[in-house]
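First chain A sits with chain B, and in the next complex the same chain sits with chain C.
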Partner chain A sequence: MTTSGDKTITIALMDPPYESGTTTTALRIVDAALRKGINVNVFAYEGAVNMTMKGQAAHPNPVKGTSIEEQDHPSSSRFIAGLFELAGDGPKLDWVNCGLCVDERGAGDWIEGPRRGGPGDLFKMSQESTNTLIIGTR
Partner chain B sequence: MAGILSVVERAYHGTIEEQDDTILWVSHMLKNAGADLSILLRSNAVNYAVRGQDASGLNIGGVDLSVPPRIDDDVIALTNTGAPVYVVAEDLADRGISAGDLCDGVQTVARADLAKLFDEHDAIWHW
Partner chain C sequence: MADYLLVESRDPFEYADTSYFYQMAEDLCKAGNNVTFFLVQNGVLMARKGISNDAVARLRSAAPAVKILADDFSLRERAISADKLADGVTSAGVDALVDLLAEPGVKAVWH
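And then the complex of A and B:
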(Lines of atoms letter the chains of each structure in order from A and count residues from 1; the text may use other names and numbers.)
(Lines give C-alpha, C1' and ligand atoms only; values in the text may rest on other atoms or scores of the structure.)
Protein backbone atom coordinates (compact mmCIF):
# COMPACT_ATOMS: atom_id res chain seq x y z
CA MET A 1 0.00 0.00 0.00
CA THR A 2 1.35 3.43 -0.90
CA THR A 3 1.34 6.31 1.52
CA SER A 4 -0.34 9.65 0.91
CA GLY A 5 2.57 12.00 1.44
CA ASP A 6 3.05 12.90 5.06
CA LYS A 7 -0.61 13.11 5.96
CA THR A 8 -1.50 11.82 9.41
CA ILE A 9 -4.75 11.95 11.35
CA THR A 10 -5.22 11.38 15.06
CA ILE A 11 -8.46 10.03 16.49
CA ALA A 12 -9.28 9.99 20.21
CA LEU A 13 -11.96 7.55 21.33
CA MET A 14 -13.73 7.12 24.67
CA ASP A 15 -16.70 4.81 24.10
CA PRO A 16 -16.40 1.13 25.00
CA PRO A 17 -17.19 -1.46 22.32
CA TYR A 18 -20.72 -2.86 21.88
CA GLU A 19 -22.38 0.20 23.44
CA SER A 20 -22.18 2.98 20.90
CA GLY A 21 -22.43 3.77 17.24
CA THR A 22 -19.14 5.65 17.43
CA THR A 23 -17.10 2.44 17.44
CA THR A 24 -18.27 1.51 13.97
CA THR A 25 -17.93 5.09 12.71
CA ALA A 26 -14.40 5.48 14.05
CA LEU A 27 -13.23 2.15 12.68
CA ARG A 28 -14.68 3.02 9.27
CA ILE A 29 -12.76 6.31 9.30
CA VAL A 30 -9.54 4.48 10.21
CA ASP A 31 -10.17 1.96 7.43
CA ALA A 32 -10.85 4.68 4.84
CA ALA A 33 -7.78 6.69 5.86
CA LEU A 34 -5.45 3.70 5.67
CA ARG A 35 -6.82 2.77 2.25
CA LYS A 36 -5.98 6.32 1.10
CA GLY A 37 -2.44 5.92 2.42
CA ILE A 38 -2.92 8.27 5.35
CA ASN A 39 -1.15 7.47 8.60
CA VAL A 40 -3.51 7.01 11.54
CA ASN A 41 -2.96 7.50 15.25
CA VAL A 42 -5.62 6.29 17.67
CA PHE A 43 -5.67 7.25 21.33
CA ALA A 44 -8.06 4.94 23.18
CA TYR A 45 -9.16 6.56 26.42
CA GLU A 46 -11.38 5.23 29.23
CA GLY A 47 -13.79 2.53 28.00
CA ALA A 48 -12.30 2.49 24.51
CA VAL A 49 -9.30 0.54 25.82
CA ASN A 50 -11.61 -2.49 25.87
CA MET A 51 -11.85 -2.42 22.07
CA THR A 52 -8.58 -4.31 21.63
CA MET A 53 -9.12 -7.01 24.28
CA LYS A 54 -7.87 -10.35 22.99
CA GLY A 55 -10.45 -12.39 24.87
CA GLN A 56 -13.51 -11.08 23.02
CA ALA A 57 -15.42 -14.18 21.99
CA ALA A 58 -18.22 -14.96 19.58
CA HIS A 59 -21.45 -16.45 20.86
CA PRO A 60 -24.60 -18.03 19.44
CA ASN A 61 -27.91 -16.16 19.35
CA PRO A 62 -30.62 -17.93 21.36
CA VAL A 63 -33.33 -15.56 20.10
CA LYS A 64 -32.67 -16.55 16.51
CA GLY A 65 -31.62 -20.09 17.28
CA THR A 66 -28.34 -19.64 15.44
CA SER A 67 -25.03 -21.33 16.29
CA ILE A 68 -21.70 -19.57 16.81
CA GLU A 69 -20.73 -20.45 13.26
CA GLU A 70 -24.01 -19.27 11.73
CA GLN A 71 -24.02 -16.03 13.68
CA ASP A 72 -20.36 -15.23 12.84
CA HIS A 73 -20.35 -12.62 15.58
CA PRO A 74 -17.99 -9.72 14.88
CA SER A 75 -15.81 -8.12 17.53
CA SER A 76 -14.03 -4.80 17.75
CA SER A 77 -10.70 -6.56 18.35
CA ARG A 78 -11.18 -8.64 15.19
CA PHE A 79 -11.88 -5.50 13.16
CA ILE A 80 -8.85 -3.73 14.66
CA ALA A 81 -6.58 -6.71 13.99
CA GLY A 82 -7.77 -6.40 10.39
CA LEU A 83 -6.85 -2.71 10.38
CA PHE A 84 -3.30 -3.50 11.54
CA GLU A 85 -3.09 -6.08 8.76
CA LEU A 86 -4.45 -3.57 6.26
CA ALA A 87 -1.81 -1.03 7.27
CA GLY A 88 0.91 -3.63 6.78
CA ASP A 89 4.10 -1.96 5.58
CA GLY A 90 2.23 1.03 4.15
CA PRO A 91 0.70 3.84 6.15
CA LYS A 92 1.39 3.62 9.86
CA LEU A 93 -1.32 2.68 12.34
CA ASP A 94 -0.27 3.68 15.84
CA TRP A 95 -2.87 2.57 18.41
CA VAL A 96 -2.23 3.78 21.95
CA ASN A 97 -4.26 2.51 24.90
CA CYS A 98 -4.28 4.82 27.90
CA GLY A 99 -2.30 2.86 30.49
CA LEU A 100 -4.09 4.11 33.59
CA CYS A 101 -7.47 3.38 31.96
CA VAL A 102 -6.21 -0.11 31.19
CA ASP A 103 -5.05 -0.68 34.75
CA GLU A 104 -8.28 0.39 36.41
CA ARG A 105 -10.23 -1.91 34.10
CA GLY A 106 -7.82 -4.84 34.24
CA ALA A 107 -7.92 -4.60 30.47
CA GLY A 108 -4.32 -5.35 29.56
CA ASP A 109 -4.64 -8.52 27.49
CA TRP A 110 -4.63 -7.14 23.95
CA ILE A 111 -4.31 -8.36 20.43
CA GLU A 112 -0.99 -7.65 18.74
CA GLY A 113 -0.53 -4.07 17.58
CA PRO A 114 -1.63 -1.57 20.25
CA ARG A 115 0.86 -0.08 22.68
CA ARG A 116 0.54 1.37 26.16
CA GLY A 117 0.73 5.14 26.56
CA GLY A 118 -0.82 8.18 28.16
CA PRO A 119 -2.30 11.62 27.52
CA GLY A 120 1.15 12.91 26.60
CA ASP A 121 1.02 10.64 23.56
CA LEU A 122 -2.28 12.19 22.48
CA PHE A 123 -0.73 15.66 22.72
CA LYS A 124 2.37 14.62 20.79
CA MET A 125 0.34 12.83 18.14
CA SER A 126 -1.97 15.81 17.68
CA GLN A 127 1.01 18.14 17.29
CA GLU A 128 2.41 15.94 14.55
CA SER A 129 -0.89 15.34 12.71
CA THR A 130 -2.63 17.05 9.83
CA ASN A 131 -5.79 17.02 11.94
CA THR A 132 -7.21 15.52 15.13
CA LEU A 133 -10.70 14.16 15.65
CA ILE A 134 -11.96 13.84 19.23
CA ILE A 135 -14.90 11.44 19.56
CA GLY A 136 -16.14 11.79 23.11
CA THR A 137 -18.80 9.91 25.01
CA ARG A 138 -22.31 11.29 24.87
CA MET B 1 -53.65 -4.95 33.36
CA ALA B 2 -50.66 -5.78 31.18
CA GLY B 3 -47.27 -6.52 32.69
CA ILE B 4 -44.13 -4.66 31.65
CA LEU B 5 -43.90 -1.82 29.16
CA SER B 6 -40.33 -1.68 27.91
CA VAL B 7 -39.48 1.77 26.54
CA VAL B 8 -36.74 1.91 23.93
CA GLU B 9 -35.44 5.38 23.11
CA ARG B 10 -31.74 5.30 22.21
CA ALA B 11 -31.25 3.73 18.81
CA TYR B 12 -28.49 2.06 16.84
CA HIS B 13 -25.94 2.01 19.65
CA GLY B 14 -23.61 -0.91 19.08
CA THR B 15 -26.04 -2.63 16.72
CA ILE B 16 -23.31 -3.43 14.21
CA GLU B 17 -21.14 -5.24 16.75
CA GLU B 18 -24.13 -6.78 18.53
CA GLN B 19 -25.92 -7.73 15.29
CA ASP B 20 -29.15 -6.55 16.89
CA ASP B 21 -30.50 -3.97 19.33
CA THR B 22 -29.70 -5.10 22.85
CA ILE B 23 -33.05 -4.02 24.31
CA LEU B 24 -35.16 -5.62 21.60
CA TRP B 25 -33.02 -8.72 22.08
CA VAL B 26 -33.39 -8.87 25.85
CA SER B 27 -37.11 -8.14 25.49
CA HIS B 28 -37.45 -11.14 23.21
CA MET B 29 -35.53 -13.27 25.71
CA LEU B 30 -37.79 -12.06 28.53
CA LYS B 31 -40.86 -12.84 26.44
CA ASN B 32 -39.52 -16.33 25.79
CA ALA B 33 -39.01 -16.67 29.54
CA GLY B 34 -42.70 -16.01 30.07
CA ALA B 35 -42.83 -12.27 30.67
CA ASP B 36 -45.99 -10.34 29.83
CA LEU B 37 -44.21 -7.64 27.89
CA SER B 38 -44.98 -4.74 25.55
CA ILE B 39 -42.51 -2.53 23.70
CA LEU B 40 -42.74 1.21 23.15
CA LEU B 41 -40.42 2.70 20.55
CA ARG B 42 -39.95 6.43 20.93
CA SER B 43 -37.57 9.16 19.76
CA ASN B 44 -34.92 7.83 17.32
CA ALA B 45 -35.90 4.24 18.11
CA VAL B 46 -39.10 4.62 16.08
CA ASN B 47 -36.90 3.97 13.06
CA TYR B 48 -36.52 0.39 14.27
CA ALA B 49 -40.07 -0.25 13.01
CA VAL B 50 -39.33 0.84 9.43
CA ARG B 51 -39.50 -1.97 6.89
CA GLY B 52 -36.61 -2.78 4.57
CA GLN B 53 -33.56 -1.70 6.56
CA ASP B 54 -30.30 -2.95 5.09
CA ALA B 55 -27.05 -2.76 7.07
CA SER B 56 -25.16 -5.22 4.88
CA GLY B 57 -21.89 -4.66 3.07
CA LEU B 58 -19.71 -3.44 5.93
CA ASN B 59 -16.04 -4.34 5.80
CA ILE B 60 -13.46 -3.01 8.24
CA GLY B 61 -9.82 -3.90 7.77
CA GLY B 62 -10.75 -6.65 5.34
CA VAL B 63 -13.09 -8.25 7.90
CA ASP B 64 -16.63 -8.64 6.56
CA LEU B 65 -19.71 -8.23 8.71
CA SER B 66 -21.23 -11.37 7.25
CA VAL B 67 -24.35 -11.30 9.42
CA PRO B 68 -25.57 -7.71 9.67
CA PRO B 69 -28.31 -6.58 12.07
CA ARG B 70 -31.87 -6.87 10.71
CA ILE B 71 -33.70 -4.70 13.17
CA ASP B 72 -36.99 -4.63 11.24
CA ASP B 73 -37.05 -8.43 11.19
CA ASP B 74 -36.38 -8.40 14.93
CA VAL B 75 -39.37 -6.09 15.47
CA ILE B 76 -41.57 -8.42 13.40
CA ALA B 77 -40.28 -11.41 15.37
CA LEU B 78 -41.26 -9.65 18.59
CA THR B 79 -44.80 -8.96 17.36
CA ASN B 80 -45.03 -12.60 16.31
CA THR B 81 -44.43 -13.63 19.94
CA GLY B 82 -47.60 -11.72 20.84
CA ALA B 83 -45.75 -8.81 22.38
CA PRO B 84 -47.45 -5.54 21.37
CA VAL B 85 -45.01 -3.09 19.77
CA TYR B 86 -46.02 0.57 19.90
CA VAL B 87 -44.42 3.59 18.21
CA VAL B 88 -45.05 7.23 19.06
CA ALA B 89 -46.92 8.87 16.17
CA GLU B 90 -45.38 12.31 16.59
CA ASP B 91 -41.86 10.86 16.66
CA LEU B 92 -42.61 9.15 13.34
CA ALA B 93 -43.95 12.38 11.84
CA ASP B 94 -40.93 14.37 13.06
CA ARG B 95 -38.71 12.00 11.09
CA GLY B 96 -40.88 11.88 7.96
CA ILE B 97 -41.88 8.27 8.53
CA SER B 98 -45.38 7.36 7.41
CA ALA B 99 -47.54 4.52 8.69
CA GLY B 100 -47.04 2.75 5.36
CA ASP B 101 -43.32 2.50 6.06
CA LEU B 102 -43.85 0.42 9.19
CA CYS B 103 -43.61 -3.31 9.73
CA ASP B 104 -46.92 -5.13 9.89
CA GLY B 105 -48.28 -5.50 13.40
CA VAL B 106 -46.73 -2.34 14.83
CA GLN B 107 -49.23 -0.01 16.51
CA THR B 108 -48.96 3.77 16.59
CA VAL B 109 -49.83 5.68 19.73
CA ALA B 110 -50.28 9.44 20.08
CA ARG B 111 -48.02 11.21 22.55
CA ALA B 112 -51.13 12.45 24.36
CA ASP B 113 -52.14 8.83 24.98
CA LEU B 114 -48.82 7.71 26.48
CA ALA B 115 -49.93 8.33 30.05
CA LYS B 116 -52.91 6.05 29.48
CA LEU B 117 -50.62 3.41 27.94
CA PHE B 118 -48.29 3.64 30.94
CA ASP B 119 -51.25 3.35 33.28
CA GLU B 120 -52.33 0.14 31.55
CA HIS B 121 -49.08 -1.56 32.59
CA ASP B 122 -47.86 -2.76 35.98
CA ALA B 123 -44.29 -1.63 35.38
CA ILE B 124 -42.46 0.78 33.08
CA TRP B 125 -38.90 -0.16 32.18
CA HIS B 126 -37.29 2.86 30.52
CA TRP B 127 -33.97 1.69 29.12
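And then the complex of A and C:
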Protein backbone atom coordinates (compact mmCIF):
# COMPACT_ATOMS: atom_id res chain seq x y z
CA MET A 1 0.00 0.00 0.00
CA THR A 2 1.34 3.41 -0.92
CA THR A 3 0.65 6.42 1.21
CA SER A 4 -0.82 9.67 0.01
CA GLY A 5 -0.27 11.84 3.05
CA ASP A 6 -3.36 13.39 4.46
CA LYS A 7 -5.55 13.30 1.38
CA THR A 8 -9.19 12.48 1.93
CA ILE A 9 -12.01 11.94 -0.51
CA THR A 10 -15.68 11.95 0.35
CA ILE A 11 -18.28 9.99 -1.55
CA ALA A 12 -22.00 10.45 -1.10
CA LEU A 13 -23.90 7.39 -2.20
CA MET A 14 -27.65 7.09 -2.64
CA ASP A 15 -28.21 3.83 -4.55
CA PRO A 16 -29.58 0.82 -2.68
CA PRO A 17 -27.62 -2.42 -3.02
CA TYR A 18 -28.28 -4.91 -5.85
CA GLU A 19 -29.98 -2.39 -8.15
CA SER A 20 -27.29 -0.74 -10.24
CA GLY A 21 -23.67 -0.96 -11.21
CA THR A 22 -23.10 2.25 -9.31
CA THR A 23 -22.76 0.34 -6.05
CA THR A 24 -19.92 -1.73 -7.47
CA THR A 25 -18.23 1.32 -8.94
CA ALA A 26 -18.44 3.24 -5.70
CA LEU A 27 -16.98 0.35 -3.72
CA ARG A 28 -14.20 -0.02 -6.30
CA ILE A 29 -13.37 3.67 -5.87
CA VAL A 30 -13.24 3.28 -2.09
CA ASP A 31 -11.07 0.18 -2.42
CA ALA A 32 -8.62 1.85 -4.81
CA ALA A 33 -8.37 4.95 -2.66
CA LEU A 34 -7.66 2.99 0.51
CA ARG A 35 -4.99 0.97 -1.31
CA LYS A 36 -3.35 4.28 -2.23
CA GLY A 37 -3.37 5.35 1.40
CA ILE A 38 -6.09 7.93 0.86
CA ASN A 39 -8.61 8.44 3.65
CA VAL A 40 -12.19 7.88 2.55
CA ASN A 41 -15.45 9.22 3.91
CA VAL A 42 -18.68 7.66 2.72
CA PHE A 43 -22.02 9.29 3.38
CA ALA A 44 -24.71 6.71 2.63
CA TYR A 45 -28.21 8.07 2.39
CA GLU A 46 -31.63 6.97 1.19
CA GLY A 47 -31.46 3.36 -0.09
CA ALA A 48 -27.70 3.17 0.31
CA VAL A 49 -28.09 2.72 4.06
CA ASN A 50 -29.20 -0.83 3.28
CA MET A 51 -25.74 -1.65 1.98
CA THR A 52 -24.29 -2.31 5.42
CA MET A 53 -27.10 -4.43 6.88
CA LYS A 54 -25.69 -7.32 8.85
CA GLY A 55 -28.47 -9.76 8.01
CA GLN A 56 -27.73 -9.93 4.28
CA ALA A 57 -27.64 -13.62 3.44
CA ALA A 58 -26.12 -15.54 0.58
CA HIS A 59 -28.45 -17.76 -1.42
CA PRO A 60 -28.22 -20.72 -3.78
CA ASN A 61 -29.14 -20.40 -7.44
CA PRO A 62 -32.00 -22.81 -8.14
CA VAL A 63 -31.90 -22.05 -11.87
CA LYS A 64 -28.29 -23.18 -12.17
CA GLY A 65 -28.64 -25.74 -9.40
CA THR A 66 -25.72 -24.29 -7.46
CA SER A 67 -25.44 -24.32 -3.68
CA ILE A 68 -24.79 -21.35 -1.43
CA GLU A 69 -21.13 -22.34 -1.26
CA GLU A 70 -20.80 -22.81 -5.02
CA GLN A 71 -22.62 -19.57 -5.71
CA ASP A 72 -20.42 -17.64 -3.25
CA HIS A 73 -22.87 -14.77 -3.55
CA PRO A 74 -21.21 -11.44 -2.81
CA SER A 75 -23.15 -9.13 -0.54
CA SER A 76 -22.62 -5.40 -0.22
CA SER A 77 -22.14 -5.75 3.54
CA ARG A 78 -19.36 -8.32 3.00
CA PHE A 79 -17.69 -5.97 0.52
CA ILE A 80 -17.86 -3.12 2.99
CA ALA A 81 -16.63 -5.26 5.87
CA GLY A 82 -13.68 -6.08 3.64
CA LEU A 83 -13.05 -2.40 3.06
CA PHE A 84 -12.93 -1.76 6.81
CA GLU A 85 -10.52 -4.68 7.11
CA LEU A 86 -8.41 -3.23 4.29
CA ALA A 87 -8.27 0.14 5.97
CA GLY A 88 -7.14 -1.44 9.22
CA ASP A 89 -4.80 0.91 11.02
CA GLY A 90 -3.86 2.65 7.78
CA PRO A 91 -5.97 5.17 5.95
CA LYS A 92 -9.21 6.01 7.67
CA LEU A 93 -12.54 4.77 6.37
CA ASP A 94 -15.39 6.73 7.92
CA TRP A 95 -18.74 5.34 6.80
CA VAL A 96 -21.78 7.31 7.92
CA ASN A 97 -25.30 6.04 7.44
CA CYS A 98 -27.92 8.79 7.42
CA GLY A 99 -29.93 8.21 10.57
CA LEU A 100 -33.22 9.49 9.19
CA CYS A 101 -32.88 7.17 6.19
CA VAL A 102 -31.97 4.28 8.49
CA ASP A 103 -35.02 4.82 10.66
CA GLU A 104 -37.35 5.09 7.68
CA ARG A 105 -36.14 1.72 6.46
CA GLY A 106 -35.64 -0.05 9.76
CA ALA A 107 -32.10 -0.59 8.58
CA GLY A 108 -30.24 -0.09 11.83
CA ASP A 109 -28.73 -3.53 12.29
CA TRP A 110 -25.47 -3.19 10.45
CA ILE A 111 -21.99 -4.64 10.41
CA GLU A 112 -19.15 -3.29 12.53
CA GLY A 113 -17.61 -0.10 11.22
CA PRO A 114 -20.29 2.32 10.01
CA ARG A 115 -21.67 4.98 12.30
CA ARG A 116 -24.93 6.86 12.44
CA GLY A 117 -25.01 10.48 11.31
CA GLY A 118 -26.87 13.06 9.33
CA PRO A 119 -26.57 15.53 6.47
CA GLY A 120 -24.41 17.76 8.66
CA ASP A 121 -21.77 15.05 8.53
CA LEU A 122 -21.69 15.23 4.74
CA PHE A 123 -21.13 18.97 4.94
CA LYS A 124 -18.35 18.55 7.49
CA MET A 125 -16.75 15.72 5.53
CA SER A 126 -16.83 17.80 2.35
CA GLN A 127 -15.30 20.79 4.09
CA GLU A 128 -12.45 18.66 5.38
CA SER A 129 -11.83 16.61 2.21
CA THR A 130 -9.54 17.03 -0.75
CA ASN A 131 -12.53 16.35 -2.94
CA THR A 132 -16.13 15.17 -2.85
CA LEU A 133 -18.04 13.04 -5.33
CA ILE A 134 -21.81 13.07 -5.06
CA ILE A 135 -23.35 10.01 -6.71
CA GLY A 136 -27.08 10.43 -7.08
CA THR A 137 -29.53 7.96 -8.52
CA ARG A 138 -31.12 10.38 -10.99
CA MET B 1 -8.84 27.78 -15.62
CA ALA B 2 -10.11 24.89 -13.52
CA ASP B 3 -9.80 21.12 -13.65
CA TYR B 4 -12.97 19.12 -14.13
CA LEU B 5 -13.60 15.41 -13.77
CA LEU B 6 -16.88 14.46 -15.39
CA VAL B 7 -17.95 10.87 -14.75
CA GLU B 8 -20.53 9.56 -17.20
CA SER B 9 -22.13 6.32 -16.04
CA ARG B 10 -25.05 6.34 -18.46
CA ASP B 11 -25.51 5.76 -22.15
CA PRO B 12 -27.57 7.83 -24.59
CA PHE B 13 -29.57 4.77 -25.65
CA GLU B 14 -31.30 4.74 -22.28
CA TYR B 15 -30.90 8.30 -20.99
CA ALA B 16 -31.50 11.25 -23.27
CA ASP B 17 -30.05 13.63 -20.72
CA THR B 18 -26.54 12.34 -21.39
CA SER B 19 -26.40 14.85 -24.25
CA TYR B 20 -26.36 17.67 -21.70
CA PHE B 21 -23.39 16.10 -19.93
CA TYR B 22 -21.41 15.74 -23.16
CA GLN B 23 -22.35 19.33 -23.99
CA MET B 24 -21.13 20.47 -20.58
CA ALA B 25 -17.77 18.81 -21.22
CA GLU B 26 -17.51 20.62 -24.54
CA ASP B 27 -18.51 23.98 -23.06
CA LEU B 28 -16.14 23.69 -20.11
CA CYS B 29 -13.28 22.84 -22.44
CA LYS B 30 -14.07 25.69 -24.81
CA ALA B 31 -14.09 28.01 -21.79
CA GLY B 32 -10.47 27.10 -21.21
CA ASN B 33 -10.78 24.45 -18.52
CA ASN B 34 -9.03 21.11 -18.31
CA VAL B 35 -11.67 18.42 -18.69
CA THR B 36 -11.40 14.69 -18.16
CA PHE B 37 -14.46 12.76 -19.30
CA PHE B 38 -14.48 9.38 -17.57
CA LEU B 39 -16.86 6.77 -18.99
CA VAL B 40 -17.96 4.05 -16.58
CA GLN B 41 -20.70 1.37 -16.37
CA ASN B 42 -23.01 1.69 -19.39
CA GLY B 43 -21.28 4.95 -20.23
CA VAL B 44 -18.53 2.88 -21.87
CA LEU B 45 -20.96 1.69 -24.55
CA MET B 46 -20.19 5.00 -26.25
CA ALA B 47 -16.49 4.16 -26.30
CA ARG B 48 -17.00 1.66 -29.13
CA LYS B 49 -16.10 2.23 -32.75
CA GLY B 50 -18.82 2.48 -35.36
CA ILE B 51 -21.69 3.86 -33.30
CA SER B 52 -24.21 5.96 -35.18
CA ASN B 53 -25.12 9.28 -33.60
CA ASP B 54 -21.71 9.13 -31.95
CA ALA B 55 -21.56 11.46 -28.95
CA VAL B 56 -17.90 10.70 -28.24
CA ALA B 57 -16.86 11.52 -31.82
CA ARG B 58 -18.82 14.77 -31.67
CA LEU B 59 -17.16 15.71 -28.39
CA ARG B 60 -13.71 14.92 -29.77
CA SER B 61 -14.41 16.98 -32.85
CA ALA B 62 -15.82 19.96 -30.98
CA ALA B 63 -13.39 19.91 -28.05
CA PRO B 64 -10.29 17.86 -28.91
CA ALA B 65 -8.57 18.81 -25.65
CA VAL B 66 -11.07 16.83 -23.57
CA LYS B 67 -9.36 13.72 -22.25
CA ILE B 68 -11.70 10.75 -22.67
CA LEU B 69 -11.09 7.70 -20.50
CA ALA B 70 -13.09 4.48 -20.28
CA ASP B 71 -13.13 2.29 -17.19
CA ASP B 72 -11.36 -0.98 -17.99
CA PHE B 73 -13.53 -3.04 -15.63
CA SER B 74 -16.72 -1.74 -17.30
CA LEU B 75 -15.22 -2.43 -20.72
CA ARG B 76 -14.37 -6.03 -19.78
CA GLU B 77 -17.85 -6.60 -18.34
CA ARG B 78 -19.28 -5.58 -21.71
CA ALA B 79 -16.76 -7.48 -23.84
CA ILE B 80 -15.38 -4.30 -25.35
CA SER B 81 -11.78 -5.10 -26.19
CA ALA B 82 -9.05 -2.58 -26.88
CA ASP B 83 -9.31 -3.04 -30.65
CA LYS B 84 -12.98 -2.03 -30.50
CA LEU B 85 -12.33 1.29 -28.77
CA ALA B 86 -13.09 4.45 -30.69
CA ASP B 87 -10.24 6.75 -31.62
CA GLY B 88 -9.35 9.11 -28.83
CA VAL B 89 -10.68 6.91 -26.05
CA THR B 90 -8.17 5.45 -23.62
CA SER B 91 -8.85 2.51 -21.35
CA ALA B 92 -8.07 3.36 -17.73
CA GLY B 93 -8.41 1.73 -14.35
CA VAL B 94 -10.34 3.08 -11.42
CA ASP B 95 -6.93 4.12 -10.05
CA ALA B 96 -6.88 6.90 -12.63
CA LEU B 97 -10.25 8.11 -11.40
CA VAL B 98 -9.05 8.07 -7.79
CA ASP B 99 -5.86 9.91 -8.69
CA LEU B 100 -7.92 12.71 -10.21
CA LEU B 101 -10.33 12.75 -7.27
CA ALA B 102 -7.40 13.10 -4.90
CA GLU B 103 -6.08 16.19 -6.69
CA PRO B 104 -6.91 19.35 -4.79
CA GLY B 105 -9.17 21.69 -6.69
CA VAL B 106 -10.50 19.16 -9.19
CA LYS B 107 -14.23 19.61 -9.59
CA ALA B 108 -15.84 16.18 -9.84
CA VAL B 109 -19.32 15.67 -11.24
CA TRP B 110 -21.09 12.31 -11.54
CA HIS B 111 -23.89 11.61 -13.97
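Convention: the second predicted complex is superposed on the first by the 135 of 138 C-alpha atoms of A that agree within 3 Å, B and C clash if a C-alpha of one lies under 4 Å from a C-alpha of the other, contacts with A are read in each partner's own complex, and residues count from 1 in each chain.
One rule holds in what follows: a residue touches a chain if its C-beta (ideal position, glycine included) is under 8 Å from a C-beta of that chain, and two chains touch if they have at least 3 such contacts.
As the structure is a prediction and not an experimental result, all values here were calculated from the model.
Visitor: May I ask you to decide whether A:80 touches chain B, chain C, both, or neither, giving the answer as first, second, both or neither?
Guide: A:80 contacts chain B only, not chain C.
Visitor: Taking the superposition as given, does A:131 touch the first partner, chain B, the second, chain C, both, or neither?
Guide: In the superposition, A:131 touches chain C alone.
Visitor: Of the two partner chains, chain B (first) and chain C (second), which one does A:72 touch, if any: first, second, both, or neither?
Guide: first
Visitor: If you count the residues of chain A that each partner touches, which comes out higher, chain B or chain C?
Guide: Counting residues of chain A touched by each partner, the higher count goes to B.
Visitor: With both complexes overlaid on chain A, does A:36 touch chain B (first), chain C (second), both or neither?
Guide: After superposition on chain A, A:36 lies in contact with chain C alone.
Visitor: Taking the superposition on A as described, I'd like to know which of chain B and chain C A:21 touches: first, second, both or neither.
Guide: In the superposition, A:21 contacts both chain B and chain C.
Visitor: Would you mind listing the overlap between the chain B footprint and the chain C footprint on chain A?
Guide: 20-21, 28
Visitor: With touch defined as at the start, can you tell me which chain C residues reach chain A in the complex?
Guide: Against chain A, the touching part of chain C is residues 7, 9, 40-42, 71, 73-74, 93-95, 97-99, 101-104, 106, 108, 110.
Visitor: Using the touch definition up top, name the residues of chain A that touch chain B in the complex.
Guide: Residue positions touching the partner: 17-21, 23-24, 27-28, 30-31, 34, 61-63, 70-76, 78-86.
Visitor: For the complex, which residues does chain A have touching chain C?
Guide: The contact residues of chain A facing chain C are 4, 7, 9, 20-22, 25, 28-29, 32-33, 36, 38, 130-136.
Visitor: Residue numbers of chain B touching chain A in their complex, please.
Guide: Interface residues on the chain B side: 12-20, 25, 28-29, 32, 58-63, 65-67, 74, 77.
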